[in-house]
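Before any comments, here is the structure.
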Amino acid sequence: MSADQSLFIPVILGTPRQGRMSEHVARFVVEEVVKRDGVETELIDIRELNFPTSDAGETIKDPKFSATVERADALVIVAPEYNHGYPGLLKHALDTNLKEYIHKAVGICGVSAGSFGGTRVIQNLLPVMRELGLVTIFWDGNFSSVQNIFDSDGKLLDEAYIRRIDKFLKELIWMAKVLRYGRLNISQD
Amino acid sequence: MSADQSLFIPVILGTPRQGRMSEHVARFVVEEVVKRDGVETELIDIRELNFPTSDAGETIKDPKFSATVERADALVIVAPEYNHGYPGLLKHALDTNLKEYIHKAVGICGVSAGSFGGTRVIQNLLPVMRELGLVTIFWDGNFSSVQNIFDSDGKLLDEAYIRRIDKFLKELIWMAKVLRYGRLNISQD
Amino acid sequence: MSADQSLFIPVILGTPRQGRMSEHVARFVVEEVVKRDGVETELIDIRELNFPTSDAGETIKDPKFSATVERADALVIVAPEYNHGYPGLLKHALDTNLKEYIHKAVGICGVSAGSFGGTRVIQNLLPVMRELGLVTIFWDGNFSSVQNIFDSDGKLLDEAYIRRIDKFLKELIWMAKVLRYGRLNISQD
Amino acid sequence: MSADQSLFIPVILGTPRQGRMSEHVARFVVEEVVKRDGVETELIDIRELNFPTSDAGETIKDPKFSATVERADALVIVAPEYNHGYPGLLKHALDTNLKEYIHKAVGICGVSAGSFGGTRVIQNLLPVMRELGLVTIFWDGNFSSVQNIFDSDGKLLDEAYIRRIDKFLKELIWMAKVLRYGRLNISQD
């Protein structure tokens, strides 16, 4: 991997819930990432990762998911707020990796049906992100009343989110580049 | 339900991980609860709750689990610390109920292989407990270096935990009684 | 103190900042509490508590503040969100008491100039409230864009907050009564 | 400022409490930083910053403190755990700056008289650090039962802390270098 290589920033759709509005958010973020030169992305759908439920942690690694995270320079996590915390199956999936995350960037998009932009799921994820070795940027995506931001086909109804996600992605791409430089060029002693 | 009736305080074993030491903690807590007059308990093993992974929330309720929580006056949650957060499948299970929890008490036992007694999973659960309507007591069970507290058969090796869990259960039982009195006797207007 | 006695629920104005909008919130909450039969209140202004800054904790107790908290059945804390945390001087004041808080209720009003209702200061206060022995109710006051809710004289511009604070106070008063019953009537063994 | 310049990593002693053991921790960290080539440091004592208590935020900036933070590449924050949260006067001081922190590294040393290494004050600081624009590294200093780690003159009694702080400082210095490279060389578009 060279410093000139494209960045790879996959987007994790963090819930399997039927009728999930977060899917519209994740697809919107993927579209916005794709517009940026020099950045590749793909959608990782938690619903399609079939981790066993009779165990937990690195012993149930999915080789394809782990390889994707390993290759990533940064992640976007799209997380709906469930009871002020994160969806269980998002955490079940995240816990299957560890060294794959270290010294990479992450940006979080909180999603809620109510007024507060998923701020509480974002706060609840912060200590987990840090322990995984990820650096959470200080811009978030906040999708309040998400049912009013997209129509039922996932078409964006509120153009302000394009400007907001632009600021979010600028910061995420910056941090991804900076940390990649560090991983490639700066040793620990 | 009358105020004289036994309290019911089930213990949730909050991880399906193979080789889980938390099972020893949960069985120990059940044994200690059983010793108390007027308190019934049972072990709820997250591994045996087979919630679908293609959906989330109240739509995938398990009638038996929900009835147990509905009947409970308080819960003990035994939660190992995974990356400073809670096990995903514990949250996946908790999110299937809502009104069943309201105005009941909960005590958390944090479990870790390291030195800090699972304090970080406890802190991470606090906002979730509150949003579920549960009151988290201010005594915790902290099982640091859990591999040294129990032998491989689950026999307790450190008697100090009996005194510690006694303080924890005294507070939990007190809060369970107080909130039951409130649910039965005090109206909201 | 008898069970029939009035409840005492002081409101803590949690910032000394010049130009604070939280003062309007705190005065509004006091007015709403006063309307309830059988509930007394008073405003505690953090700015007027002159704790030394050369020490911290219970050694710098203010007898009047401690007596007020000791007498209280519940607290309302009005806390603006400063960098996603609580105002330092609010914590400096809260840390001067300990046993005065135990087994009492607290409701938090988060205040922010932005859109998210001070949710992040509320989440940040939760572990502190618990360790102090307070029970944080699961209704919050969320004052987003507070500059639009009150005029410069502190007159409420948005009547919806009367209904919202009514729900908040109903829950707080309920929890205050329940815990007072417990403190007076239920022993720990 | 060039990439070859020394790093500047001041250590903030985060409590004014009389009899504070955190002072021993802060002086120990300063000594360890000084041993590293190419890293300068100094001790910032919260007790000596005389911020007014009649206001809060950037309006009460102390020019010297702000200049020190502005010049810093990283910070070490030594924070005792008070009621599972941070000392109020630490937050009162931190809130006086904002842009001075952006895209810099921070490492946190939690201090407690009890067993859990100040983990709870560290978790409580995480959202604040992020909002300030700081990147909290994923190694911490954890000083449990601090009264046993130092004698009354501040002499280190447990040599294991030298190895632990070495790992902590390696990570902090790495992150400080990486982010400095980014601030100097990588633009946001």
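The chains carry the letters A, B, C and D, assigned in the order they are written, with residues numbered from 1 in each.
The rule we apply is simple: a residue touches a chain if its C-beta (ideal position, glycine included) is under 8 Å from a C-beta of that chain, and two chains touch if they have at least 3 such contacts.
Note that the structure is a prediction, hence the values are computed from the model and not measured.
Participant: Fit subunit B to subunit C on CA atoms, both being copies of the same sequence, and give the resulting rotation angle in degrees, nearest 5.
Facilitator: 180
Participant: At the interface of subunit A with subunit D, does the proportion of residue numbers present on both copies reach over half, so same, or stay under half, so different?
Facilitator: Same residues, largely: of all residue numbers at this interface, over half are found in both copies.
Participant: Measuring between mean CA coordinates, which chain is farthest from subunit C?
Facilitator: A
Participant: How far is the middle of subunit A from the middle of subunit D, if each middle is the mean of its Cα atoms, in Å?
Facilitator: Those two chain centres are 29 Å apart.
Participant: What is the distance in Å between the mean C-alpha positions of subunit A and subunit C?
Facilitator: Once rounded, the distance between the two centres reads 36 Å.
Participant: Would you kindly tell me how far, in whole Å, the mean C-alpha position of subunit D lies from that of subunit C?
Facilitator: The mean C-alpha positions of subunit C and subunit D differ by 30 Å.
Participant: Could you pull out the residues of subunit C that touch at least 2 other chains?
Facilitator: In subunit C, residues 84, 120, 123-124, 127, 130-131 touch at least two other chains, as defined above.
Participant: Mind listing the subunit A positions that touch subunit D in their complex?
Facilitator: For subunit A paired with subunit D, touching residues are 123, 126-127, 130-131, 133, 135-136, 138, 170-171, 174-175, 177-179, 181-182, 186, 188-189.
Participant: Within the complex, which stretch of subunit A touches subunit C?
Facilitator: Those residues of subunit A that touch subunit C are 84, 115-117, 119-120, 123-124, 142, 144.
Participant: Within the complex, which stretch of subunit B touches subunit A?
Facilitator: Within the complex, subunit B contacts subunit A at residues 15-18, 47, 50-51, 53-57, 59, 82-95, 98, 120, 123-125, 127-128, 130-132.
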